[in-house]
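Below are structures written as C-alpha cells.
After this come two complexes, each holding chain A, first together with chain B and then together with chain C.
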Partner chain A sequence: MELRCERDVLVEALATAGRATASRGGSLPVLGGVRAQLEGDRLFLTGTDLDLTIADAITVAGLEDGVAVLPGRLTVDIVRALEPGAVHLNTSGEEAKIASGRSQFSVRLLPADDFPRLADAATEEVTLDAAGLADALRQVVRAASHDDARPILTGVLMAAEGDGLRLVATDSYRLALRDLRGASVLSEGQSVLVPSRALGELTRLLSGADTVTLRLGQRDATFEIGDTRLTTRLIEGEFPNYRQLISGSQANQLTIGREPLLDAIRRVRLLARESTPVRLSLRSDGVELSAVMQDVGQAQEDLDAKYEGAELVIAFNPEYLADGIEALAGDEVSFEIIDALKRVVLRSPESEDYLYLLMPVRVS
Partner chain B sequence: MRLVVATCSVTYTGRLSATLPEADRLLVVKADGTILIHADSGSKALNWMSPPCRLVEGPSGWTATGAKGERLDIAITAVHSDVTTALGGEPGLVKTHSEAEIQGLLAGACDCIEEGLRLVRREHVTPIGPVDLLCLDGRGRAVAVEVKRVGDIDGVEQLTRYLRYLEQDTTLRDVRGIYVAGTVKPQARTLARDRGIAWVEVDFDVLAQRRTPELTLFEG
Partner chain C sequence: MAGPHPPTDGDLLPILHVDMDAFFVAVELLDQPELRGRPVVVGGSGGRGVVAAASYEARAHGVFSAMPSEQARRLCPHAVFLPGRYARYSEVSAAVFEVFHSYTPLVEGISLDEAFLDVSGAHRLFGTSPEIAASLRTSVLEEVGLTCSVGVAPRKLTAKLASEAAKPRASLAGTVRGSGVHVVTEADELGFLHALPVRALWGVGPATAARLARLAVRTIGDLADVPLPTLERTLGAGVGRHLHDLAWARDHRRVVPVHVAKSIGHEETYAHDHVSHETLDRELVRLSDATATRLRAAGVAGRTVQVKIRFGDHRTITRSVTVPEALDTGTALARLARPLLLGEDVSEGVRLLGVSVSQLAPSAERQLSLEDAGPSSWADATRAIDEVRGRYGAASIVPATLVDRGRGPRVKVRGDQQWGPDQGRAET
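Let's look at the complex of A and B:
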C-alpha cells in the first residue's frame, strides 16, 4: 500500500478511528491497531476494541492499493508530529514507512490477518438531526454510570415514546431523561440500551454535522455521520423501571436563577472537596448554600429564589447537582422536592423535554 | 473452555527453548485462544501461550504458533479426558475490604478503635508518607492509627517510623500509636507491645454493616 495525504487530513482520520482501539494490555494486540485499506484514492481506516468500532474514509493520492494494520497510537503521534504538508505512507512486508519533508519513520505493522472481521450494519436506516441528537446526548450521557460492575447502568436507554425517541441514563444516584419529539427511530414499545462510552464518542463526531443516520441491528447500532461510521454493540439486560420516579407532583417547589445558582455552587464547592455535600437551606425568602469541611473551613452564600413549601435543609453531591443544572436549558431551574431524603426533580420551566432526578445525601 | 487430560510431552521454541518430558497433564484451551499446560500440583502453569495464537490439531498432537512465531509442540500419546464447556462472560474478581475501604469505614467510626476517639484527618502527611488516620483521644492527645487488612510486623515498623516524625511536630501533644487490623499476628503484637503501641482487631464485616447506606433512586 502506498499513498500521499495532507498531514492534517490523515491525522484527523487516524485519530478518529484510533479512538475505538483497545488500550494496551488487551488479549489481542491487533486491537491496538488501525486497519488501513487503500482502494484507488479512498483510504478506509478502522479501529475497534470489539465493543466499539469507528471507521473513517478520506480521499488521498493513492499510489498502490493494499491493506495494513498500523500501530494506532504510535502512528497518530508520528503523523501529528510531522511538519505541515504532504505525508508519504508506504507499507511493505511487516513494516510501514512514514515520511514528510526530511523526517522518516519506519514502524512495525500488526498482522492484518488477525484483525477481526466486522459485521455489516443493518440495512434499515433512520435519519436524525445531528445537532438535536448531540444536544440530547450532552444532557443525558452525563448521568450514566462508569462502574463496569453494573453494566446496565453504563448504558443509555433509547426507547420509543409517543411519536419520538426518549433517552434515559442513570447511575442510581441521578437520572437524566430527554424526549426528542418527532424522532421516530424505534417502533412502538421497542427500546435498546447503548453503551454511554459509544454515545460520548458519537457526540464528538456529531459536532458540525447536519444529519446522522442510525441503523439498528439485533446486537449492535451503527451511526453514520458523513464518511464516518460508529458501530457499538448493544447492552443486553433490563433497564431499571424509571417511570415510577417521574410521576406525580411534589409538595415543595423552588424556582431559582440557573446561572446565579451554578456560580454559587462553583464557589461553595471549593469547601466541598472529596465527598462533602453542599447543603441548601430553603426558606420562603431565598436559599442559603453552605459547605463545611472539617478542619479546613466553611463556605456560605445566600441566593434570591422563589420557594413554596416547608422550610427544610437538603444536601447534594455538588458535582451531581452542578451536572444537572448545567444540562438544563433556560434562565431558571425548578426543584420539585418531597423531603430531605427523597429524590428531587430538576427541570426547566421553559421546556418539558428534559428532566434530571437527583438523590439527596444524608447529613447530620 | 476445553479441558483435556492427556499423556503428553511438550517442546517450546521461541525466545528460549524448553521441554517437558512425557507425563500426564491437564491441557486448557480458553475461549480467547489462551493455552495452558498444568501439572497436578502448583497454581502456575508449566507452560502456556497467550493469544493471538493459531492451534492446529494433528494425529500425533497439537501445535500452537504465537504472534511472533514462537511454537508450542504438544505430542500426545493418550487422551484420558476431553471436555468442552461454554462458560460465558466473566464478571471479574470483586475484592471486599481493601485497605482504602477499611480506612474509610474506620474514619467514620473511630469509636470502634477506642472509645472517645475522634478523627482529625485521614492521610495525615509526614515527611516519610501519610499516616492512615490522625485522631484525638478523650483527653485531647494525638493518636496515629495505622490500618492493615492483616497486621504483621511490617505495619508496626511503619507506624513506629511515623510516630518518630510525629513526635517532632510541636502542634501535636504526646502522640501515641494504635495498630488496627482484621487480625494482628502474634509477632506484631509482641513488637507493638515492646514499642508501646496499642493494637486493636476490628471485624470489618461488622463495621461495614454499621455504615449508613447511601440514598439511591432504585433501592429503599
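Let's look at the complex of A and C:
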C-alpha cells in the first residue's frame, strides 16, 4: 500500500478511527491498531475494540492498493507532529514508512490477518436530523453510569414512544429522558440499549453534520455521518422500569431562573468540593442556596424564585444538580418536589420533551 | 521521672500518652499466672503468622512484634506461643479505658492498648499532670491488674516519645523496670527530643531514614539543624516541612475524644497462595461483607474502596476506586472491588488480600438512589441482615458465595486471623 495525503486530512481520519481502538492492549494487541485499506484513491480507516467500531473514508492520492494495520496511537501522534504538507505513507512487509519533508519514520505494523472481520450493517435505514439528535444526546448521555459493574446502566435506552423516539439514561441517582417527536426509528414497543460511550463519540461526530443515518441490527446499531460510520454493539438486558418514577404527584412546585441558579451553584461549589451537598431552603418568598464544608467554611446565596408548597430543605449533589439544569432549555427551570427524600423532577416550562429526575442527598 | 528542669506552676503539660506494657501478653498472664516469668509470644501460629506481642522475657531473646512467627520460634524455641484472643483483649481494653475516662473525658484511643489524654481540665480535681500520671498508673494496676507507662508532655509528639522512655526494658538478666512515668517539661522538650534517634519520629520509616542518613542525619537534633529547603528537596515539600516542624516540636494536634477512623477494612493472609480469580473473588465477597458490617456498626459509609493484594514475593499493590455515593453494604463494596481484583494478574499467587473503605462520612448523609424508591432495594435487605446477625451471630446470614459445601458458611470476624492464618486451617 502506498499513498500520499495532506497531513491534516490524514490526521483527522486516523484520529477519528483511532477513537474506537482499545485503549489497553488486552488480549488482542491488534485492537490497538487502525486498519487502513486503499482502493484507488479511497482510503478506508477502521478502529475497533469489538464493542465500538469507527470507520472513516477519505480521498487520497493512491499509488498502490493494499491493506495494513497501523499502530493506532503512535501513527496519529507521528502524523500530527509532522510539518504541514503532504505525507507519504508506504507499507511493505511488516513495516510502514511515514515521511514528510525531511522527516522519516518507520513503524512496525500489526498483523492484518488478526484484525476482526466486522459484520455488515443492517440494510434498513432511517435518516434523522443530526442537530436534533446531538441535542437530545447532550441532554441524556450525561445521566448514564460509568460503572462497568452495572452494564445496563452504562447504556442509553432508545425506545419507540408514540410517533417518536424516546431516549432515557440513568445511573440510579438521576435519570434523563428526552422525546424526539416524529423520529420513528423503531416499530411500536421496540427498544434497544446503546452504550453511552458510543453515543458520546457519536455526539462528537454529529457536530457540523446535517443528517445522520441509523441502521438497527439484531446486535448492533450503525450511525452514518457523511463518510464516517460508527457501529456499536447493543447492550443486552432489561432497562429499569422508569415509568413508575416519572409519574405521580407534584406536591410542591418551584420555578426559578435558570442562569441565576446555575451561577449560584457554581459559586457555592467553590466551597463544596466533590460531592459536598448543596442545600436548597425553599420558602414562599424565595430560595436560599447553601453549602457547609466541614473545617473549611460555608457559602450561602439568596435567589428570587416562585415557590408553592410546604417550606422545606432539600439537598443535592451539586454536580448532579448543575448537570440537570444545564441540560434544560429555556430561561426558567421548574422543580417538582415531593419531600426532602424523594425524587425531584426538573423540567423547562417551555418544553415538555425533556425531564431530568434527581434523587436528593439525605442530610442530618 | 523528670528531666533536668522540674515542672513549674506555669507548666501545664496537658497531654498524657498512656501505653500498656506488652498488653496482649499481659492479658494472657493475667488469665494464666503460671506463665509468669516465661517467654510468651502472642501471634499467628501458622507458617506465615506474625508476632503480635512478646513478653519482656521473649524480647530479651530478640523477639519483637511484627516479626514472622517462624523467626520468633527460631530465636526463642522454648517460648510459649499463644494464638491471641482479640475478644478478650477488647474486653480488658474497655476496662482500662474506663479508668482513663475517670480522669478526663478527653481520651483519644489510638489502639486497644494506647491512648492520648488531655488532662488540662483535671488539675483541680486530681493535681498536676505528673501526679495524675502516677495516680492513673496505680488505678489501672489496682482495677485491671496491668501495668502501663505514661508520658507527660506539652504536646502529643513528645508525650508519645516520653511514654516510650518510661517503658520497662528487656534484658537477658531479667526485665529492667522502667520509670513508669516520664515527664518532659517545656524547658526540657527540645533537649529531650533532639537526643532521640530520628527513627523515633512518627512518619520516619526505613526509606525516609535512609534518605536522611545521606544528609548525615541520625538524631532528631541533626534533623532540626538541616535547613528547611534542603529537607524539602530531599523528602518532598510536604514531608520535608512536616518533619522539620516535628523536629522543632511543632505539633498542634489536639486530643480528639472519639477516634474517627480514616478507613475501615479487613485483610487476610492465606496459609497457601491463591492463584485463581474464582477463589479470590469469594474471599473478596467475604472481606467486603465484613468491612460493610463494621462500617454500619460505626455509623459511617465511604466513597473510596481499596483492594490490597500482596503477592507470593511480598510485592504489594493497592487499587482503588471512588464513587459519588457513600457505600456501606457488602454487595456494593464487592461490586466495586471486583473489577479492581480482576484487573490484576494473580497467576503468581496471592498471599494476602484486603478490602478497605475510606472517604468516610456519617452515613446519615447519603446520596439517595432511585433504587431506594423501589419496593425491595438492596439497602433494605442489608439492614435486615444486620438485625439477624445481631440476634443470631455473624454466621447466620452470609452471601451465597461464602457457603462451602459441607462446611457451612465462613465469616470474617474482627480479630479472627489478625496475625496470620492458624496452622490447622485448610484453605480452599
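We take it that the second predicted complex is superposed on the first by the 362 of 364 C-alpha atoms of A that agree within 3 Å, B and C clash if a C-alpha of one lies under 4 Å from a C-alpha of the other, contacts with A are read in each partner's own complex, and residues count from 1 in each chain.
As a convention for this text, contacts are C-beta pairs under 8 Å (C-beta built on N, C-alpha and C of every residue); 3 or more make two chains touch, one makes a residue touch a chain.
Note that the structure is a prediction, hence the values are computed from the model and not measured.
Superposition note: with chain A as the common reference, chain B and chain C are in steric clash. Residue contacts after overlaying the shared chain place A:Ala149 against chain B and chain C alike.
Contact with neither chain B nor chain C is seen for A:Ser92 once the two complexes are overlaid on the shared chain. In the superposition on chain A, A:Pro240 contacts both chain B and chain C. Contact with both chain B and chain C is seen for A:Ser172 once the two complexes are overlaid on the shared chain.
Looking at the shared chain after the overlay, A:Val363 reaches chain C, while chain B stays out of its contact range.
Judged by the touch definition given at the top, the superposed model places A:Pro277 against chain C, while chain B stays out of reach.
Of the two partner chains placed around the shared chain by superposition, chain B is the only one that A:Pro111 touches, whereas chain C remains out of contact. Shared-chain residue A:Leu341: touches chain B and chain C both. Stretch 255-263 is the one of chain C that runs into chain B, the other listed stretches 165-173, 255-263 or 399-407 having no clashing C-alpha atoms.
Shared interface residues of chain A, touching chain B in one complex and chain C in the other, are 148-149, 170, 172-173, 175, 240, 245, 341, 343, 357, 359-362. The part of chain A that touches chain B in the complex is made up of residues 27-30, 111, 114, 148-149, 170, 172-175, 240-242, 245, 294-295, 341, 343, 357, 359-362. Chain C contributes residues 303, 323-325, 335-336, 338-339, 364-373 to its touches with chain A in the complex. Residues 32-34, 50-52, 67, 91-92, 94, 119-121, 212, 214-219 of chain B touch chain A in their complex. Chain A meets chain C in the complex at residues 147-150, 170, 172-173, 175, 240, 245, 275, 277, 317, 319-320, 341-343, 357, 359-364.
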